[in-house]
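The same subunit A turns up in both complexes below, where it pairs with subunit B and then with subunit C.
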Partner chain A sequence: MNVDNGAVLLQTSEPTQQPVKPLVSVKDLSVEFVTDHGWQRVINNVSLEIAPGKILGVVGESGSGKSVTSLAMMRLLPKQGSRIAGGSIEIDGEDIQSLDDKALSQMRGNRMAMIFQEPMTSLNPAYTIGEQIAETVRRHKRVSSKEAWKRAVESLDDVGIPNAAGRARRYPHEFSGGMRQRAMIAMAISCKPRVLIADEPTTALDVTIQAQILQLLRSMCEDLGLAMMFITHNMGVVADTCDDVAVMYAGEIVERAGIYEIFAQPKHPYTEGLLRAVPKLQGRSELASIPGTTPAPWDMPPGCRFQPRCPYAVPECAESPLPLRQIADRSSRCLRVGELDLKASK
Partner chain B sequence: MSEQPVLEVAGLEVSFPGKKKMFGKAAPIRAVKGVSLSIQPGETLGLVGESGSGKSTVARALMRLIEPAAGRVTLKGEDLTALKGSALRKARRNIQMVFQDPYSSLDPSALVADTVGEALEVHEGLKGKERDARVAELLELVGLAGHHLERYPYEFSGGQRQRIAIARALALNPAVVVCDEAVSALDVSTQNQIIGLLEGLREKLNVAYLFISHDLAVVRHISDRVAVMYFGHLVEVGTVEQIFERPAHPYTRALLSAVPIADPVRQRGRKTAILSGEIPDIVNPPKGCPFASRCEFATDACTEKMPEFRDHDGSSVACYHPLENSPTSEAFALSQ
Partner chain C sequence: MRSITKWWKLIVLKRLGSSLALLTMVSAITFCMILLVPGDPAVTAAGPEATNEQIEETRERLGLNDNMLVQFGRWFAGAVSGELGSSLQGGTPVSQLIGERFPVTLGLAVAALVIAVAVAVPAAIIAAANKGKLVDRLITLVASAGVAVPTFWLGLMLVVGFSLYARLLPSSGYAPFWEDPLEWARFIIMPALTLAAAPAAEIARQLRGSMIGVLEQDYIRTATAKGLLPRAVLLKHALKNAGVPAMTVIGLQAAFLLGGSVIVEQIFGIPGLGALSITAVLQRDIPVIQGAVLVTAISVLVVNLLVDLSYRIFNPKVR
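On to the complex of A and B.
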C-alpha cells in the first residue's frame, strides 16, 4: 500500500475514536532549487500531518531539509531560484499554494505563525516590543490601536514577561535573549494562530532559559490547541517537548513515529545513528558518529539515500529508491526494517 | 597533582569601560571577578556557564588578547601578565586557540597551506617546501590528507574546517589549547568526530585543553575537571564526576537539571528545577552572591557578601549552603 506517502495521523487509529481533522496536512511535497547543476530537488515527497494540540518534532542534521520544508509551508521560499515541484500543503483547511499574495499575508501571522532561532534578527531594533506586536495585531484584526496595544500587553503577559505593560514600551536591545524569544512567541500568538512553526526556537538560548521556553511552548500548545511543528537538531529537546517525530535525511522523511516509540526502538538506521551520537549527561561512554557526510542534491546515491553510510546496507539497498513504508502506526524508509533490531543506545 | 601546573590563573579580573553618565565618571563593568584556575599538563579543564557568564572573557584575558585589570597568569612557569612585545609573542606560542565558527575563523582568501603555515613562518622561519612538508604533517595529524594544502576554506565542510583550525592551533606545538565552543557549531555526528580527534591529540601530544562550552554533555565527555562560572564569578570547581554526580553549588545543580535528556521516559519522569528569573544586571551587580536572586536556599548572608571558595565533599565551591549529596538526596535525584 501507501507508496511514498508516510502521512500518519497523530491519533491512534482506533475505529471507535472520531479522528480529529489535522490542522496541518502536507502531502508529497517536493521543492527544487536552482544550483550550478541546474534545478535540483532538495525536498522529495515529504508528507506530514499535525493535529490540534500536538507537537511534531522534525529532526535531522544540517542540510537535511528541515527548514526548507517549513519555509515552503509558510510560502516563504524565494520566488526566484526555488519552486514547489509537487505536492500539496493544507493549513487550517486552506490550500496554501492556491492563495494570492493578499490572502497569503492574511494567513501568515494570523492563522499560522513562525518563530525563528535568532530573536534579535527577527525583531526591528527601531520600534518598541509593544509597537511591533500591536502592529501585527492591527494588520490582521480590525481593532483600534488602543485595543491592539492592549492585546500586545496581554500576549506579553501570557508568555510570562513580568510587568508586561512596562516592558512593552522597551526596545529589543533592552531585552535579554530569553525575554526576546518570549517576545517573539508573544508576537506569534498575538493573533491567536492555529498553527505555529518553530525553527530551532531554543538553539541560541542557555539551557536554563531553554527549559523555561520549552515549558511555555508546551503549555501554549495545550491551552490554545495549536498544531506545532518543532524543528530542532537536539534530541534532548525532542524527548522533552514533542508528541511525534519525523526524521529527515537528504530531503526525505526516513522515519516517522510517536515520541516514546522512536526512542524505545528506532526503525531506521539513520535514526539509530542520530540517537547513538547524542552525548549522554551520565557516565562517559564512547561517542558514536555516523561515518561520511550527507550527499549533495546533485550527487544522490542510487537506491536508499542513506545506504552508502549505513552499517546495515546490503546490495539490494542500492537498487531502487525506497518508499516510506507503514508498519503499524509508524513508518520507515528502510528495506531491512523487518529484520533489523535497532537500538537507541549500544 | 604534584606536577607543576602548565597554566595557572590567579585572581583574574577583567573590566570593561561602562557607559558614561551625563555627569560624573563612567563606572567600569566588572566582567570577570577574581577567577583562579590551574591546568596540569595533558589535562582538560572544562569551563561552563551561560552566555554572559564570562567564559570567553577569561580565555581572552589569559591569552592577553584583552588586558586583565588584575591577576596573574603563569604559563609554563612564565608570568604572561608581566611580558610585553616580542617576549609576549614568543610566550604565546605555548597557548593557542580554536574558535567556534570555522566559517569565520579561517581566512577565506588564504590557502590551507598559508593558514596553517603562517605561524611556522613567523616563529620558526620555515619557508617553501620545508614549511609545506610540516603543514602536510599537521594536516595528517588532524585526519586530513596532505593534498589539501592547495585548497581554500570554502572547499571544505564545517567539520573539515574545524580540523584545519585545530591544525593551525597545533602548528607550534603549544602546551595549552583554548577551545572556545570549538564543537558547538557542528552537527552531533561531526561534533563527536572532532571530540574524538581532540582526545586523540591530547594522548599523542600531551597538550592541555581549556575547553569552554555551554554544552554540558560534551564537557562531561571530554573534561578531567570542570569549572562553573556564573556572572563573572567562578562558583564551583571539581572533578568531572563530582560536578556531574554530586554538584555542590545550587547553580551547578540547576544547570544540570535544565539539560534535557534524550529519553522521553526519563526526561518526562524527571524532577526538574526550572530556574525562574534571569542573570542580574551587570551594570548594577548585587553585593552578595549573584545567584542569590534565583536560589531557593538563599539567606540574608547570601545577599550580604559573596561567599569565599571552600572545600566541600571533594570539590571547591563558593556557597554558604552547599548541597549535601547522597544517593538518596533530592540534589542527586535532580542531577540524574
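On to the complex of A and C.
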C-alpha cells in the first residue's frame, strides 16, 4: 500500500450518500524528462482528485512541476524528450494514458479543455477568433458550419465579450490581452467540457482584468458543473478562486487541504513561506521570502526536498524521503507536522 | 470596405511610381552597358560582304552615330508610347519578336514554378513534422544537393536518361501550347524539371525552417489542445503562418526562373526569350536587348506585386 494514495475528495454531499465521483483522478503520476544528466524525474508520485463543480488550486514556485502535471494530464508533453514514468490519469472516466491518438483528440477540447498562460500568443494570428472557436465546435459536434459559428458567437457572449457577433470576425491582434483570454475561455467552454485546466490564466493580465477573469472562471465552473484545475503561483488568486489547494514543491505535492484550512493554518513550512510572501498592508512589515531556490531534478537533497531551505529543519529531515501523510481531511509531507505551529502570517 | 479601397489606391499609386522609376533605370543601365561593350551593330546589320561605305551608311541609317543620350532618348520616347523599334537584323518589329518568344519562356517558367512548389511544399511539411528524424535528414540532403547541382549538368543528365536511354522524351525542340498541349508538355517537362530543381530546393529549405519555427508556437499547442488531429494542425494552423516567408522565397525564385531559363532554353533548344536575348547580345541588336530586358523587368515587378498581395491572405495584420 502506497502511503501517497492519500487523495482527499472534499465531500459536498450528505455523509449518508455515495461520495460524488471525481471527474479528475490522478494517482501516483511520475514524469521524466531528458536532461544533460540523462532521464530525470521532474514529477514524483503526484495524486489529486477534483469533483464536479470544484476548483483545485495547484500552487508552487516556477519549476515546481505544476505546468508539467497539467500538460501530462492533457497528454501535451513533447513526445520526444519526456515520458510518463508511472501512475494513472483518469479524466471523466477515461484512462488518458490508454487512449490512442484519435480517441485522445476526441477528448481534448471536448470533454477536457485547457486555457494557457499567454493569451497574446495562444491564439492563431492567421484566423479570426470566431473561426478558431467554430473550428473546435465543428471538430467535436456534428453541426453545420453555420451552427458552429452561432455557437462560437454564443460562447463569446457567455464570457462577456461585448458585440460578440461583430467581434467574432476580428483577428487576435485586434483584441486586448483580457479580451483574448476571454476568447480563450470561450474556446475552452465552447464544447461544454467536463474538465477544465487553467494554467496561470491571469498571470499575464492587469490586476483589474485579472479579477474579472477569475470571477468568470468561478461562475463558469459553477454554472457548467465542471471540475477545474487552476494552476498559479499566486496565493492571493487561490484565496479568491479555489475550493481546495495542492501545494507543489520540487515535483511533489507537499501539502493538500481545503482553502479555509490552509489559510487558517498551513501544515507545511513551504506553504507557510508562500503565504507569508503575499503582501499585506496591515502592519506593513518586511515581506517574507523563502531563501534559496528549487533544486534541480538531478540534484535533489536527501530526505525532505524542502529541508535545505526550511527554517524548521532538524537532522532527521534529511534521513529518508517523506511520504504525504494524512492528518484528518488534509495531508502534509512534513516530518514535524505534529509539533510545529505554523501560521499564515507573522 | 472603405479601408480596403484606400489601401488599394495607396498600393497602386506607390507601386506605379516606383515601378516606372525602376524600369527607366534598368533600361538606361542596359543601354549604357551595350554601348560600352566592344562590337559594332552596324557591321553585323550590314551583312558579311558589306563594304566600308555600306557599313557607314548603315550606321548612319540606324542612328548609331548620334550621341548616346540622344540614342537612349529616342528609344525611351518610343518605349513610353509603346513603340519598341525594330530589330537591327532583318527589321522585324521588337514587339512582334517578344510577342512570339515571351509566351514560350513564360510557359516554361510557370511549369517550372508549379513543379517546384508541388515538390517543395509537401517535402517541407513532411520534413518539419518529422524534424531530426531520418526522413527529415533525407529531404534536407536532397534539398542541399538541389541547390548545389549546376543547371546545365542536371539538364544533360535528364537528356541522357530520358532521351538517350529510356527514349521517352525528345531531347530538344518545342511545340506551341495552343496547338498541341500534350506535345508541348512532352517538350517542356525536362526543361521545366531542370529549371525547377534549384528553386524547389530553396523553397523547401525556407518553408521547412519557418514551419519548424511555427510548430513551436503557443497557438499550435492550443490547436492540439482543442482536439485537432495532427494533419489539421500542420496543414491549417502551421502552414498558413509559415506561408509569408515561403511566399517571399517563391517570389524571389520566380524572378530567378526568368533568368535561369536562358541557360535551359539553350540546352533544350527552346525558342524563348532567353534564346532571343543571347542572339541579340551576340549581334549587338540594341532594340531587341532593350525590349527583352524591359519585358523581364516588368515580369519581375508583377511577380513582386503578386507576392505582396499574397501577404494579405496569409497575414491578417497586413490588411
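Assume the second predicted complex is superposed on the first by the 336 of 346 C-alpha atoms of A that agree within 3 Å, B and C clash if a C-alpha of one lies under 4 Å from a C-alpha of the other, contacts with A are read in each partner's own complex, and residues count from 1 in each chain.
Throughout what follows, a contact is a pair of C-beta atoms (placed from the backbone, for glycine too) under 8 Å apart; a residue touches a chain by one contact, two chains touch by 3 or more.
Just so you know, these numbers come straight off a predicted model, no measurement behind them.
Peer 1: If subunit A is used to align the two complexes, do subunit B and subunit C fit next to each other or clash?
Peer 2: These partners fit in the superposed model.
Peer 1: Applying the document's definition of touch, where does A:D240 land relative to subunit B and subunit C: first, second, both, or neither?
Peer 2: first
Peer 1: After superposing on the shared chain, does subunit C or subunit B touch more subunit A residues?
Peer 2: Ranking subunit B and subunit C by residues of subunit A touched puts B first.
Peer 1: In the combined three-chain arrangement, what's the angle at subunit A toward subunit B and subunit C (CA centres, steps of 10°)?
Peer 2: 70
Peer 1: Have a look at where A:G178 lands relative to subunit B and subunit C in the superposition and call it first, second, both or neither.
Peer 2: first
Peer 1: Between subunit B (first) and subunit C (second), which, if any, makes contact with A:E61: first, second, both or neither?
Peer 2: first
Peer 1: Mind working out whether A:P315 is in touch with subunit B, subunit C, both or neither, as first, second, both or neither?
Peer 2: A:P315 sits against neither subunit B nor subunit C.
Peer 1: May I ask you to decide whether A:T208 touches subunit B, subunit C, both, or neither, giving the answer as first, second, both or neither?
Peer 2: A:T208 sits against subunit B, while subunit C stays out of touch.
Peer 1: For A:V278, using the defined touch cut-off, is the partner it touches subunit B, subunit C, both, or neither? Pick first, second, both or neither.
Peer 2: first
Peer 1: Where does A:R139 make contact in the superposed view: on subunit B (first), on subunit C (second), on both, or on neither?
Peer 2: In the superposition, A:R139 touches subunit C alone.
Peer 1: Looking at the overlay, does A:I290 come into contact with subunit B only (first), subunit C only (second), both, or neither?
Peer 2: First partner only, subunit B.
Peer 1: Quick check on the superposed model: minimum Cα to Cα separation from subunit B to subunit C, whole Å please.
Peer 2: Superposed model gives a least subunit B-subunit C C-alpha distance of 5 Å.
Peer 1: Pick out the shared contact residues on subunit A: the ones touching subunit B in one complex and subunit C in the other.
Peer 2: Dual-contact residues (subunit A): none.
Peer 1: Any idea which subunit C residues touch subunit A in the complex?
Peer 2: Counting only subunit C, the residues touching subunit A are 132, 217-219, 221-230, 237, 240-241, 314-317.
Peer 1: Can you list the subunit B residues touching subunit A in their complex?
Peer 2: Touching subunit A: residues 50-51, 157-159, 187-193, 195-196, 214-218, 220-221, 240, 244, 254-256, 258-265, 267-268, 272, 274-276, 278-279, 336 of subunit B.
Peer 1: Which of the residues in subunit A end up touching subunit B in this complex?
Peer 2: 61-62, 176-179, 206-212, 214-215, 233-240, 259-260, 263-264, 273-275, 277-282, 284, 287-290, 293, 344
Peer 1: Touching residues of subunit A toward subunit C in the complex: what are they?
Peer 2: Touching subunit C from subunit A are residues 74, 76, 80, 101-102, 105-110, 113-114, 116, 118, 121-128, 135-136, 139-140, 171, 173, 184, 187-188.
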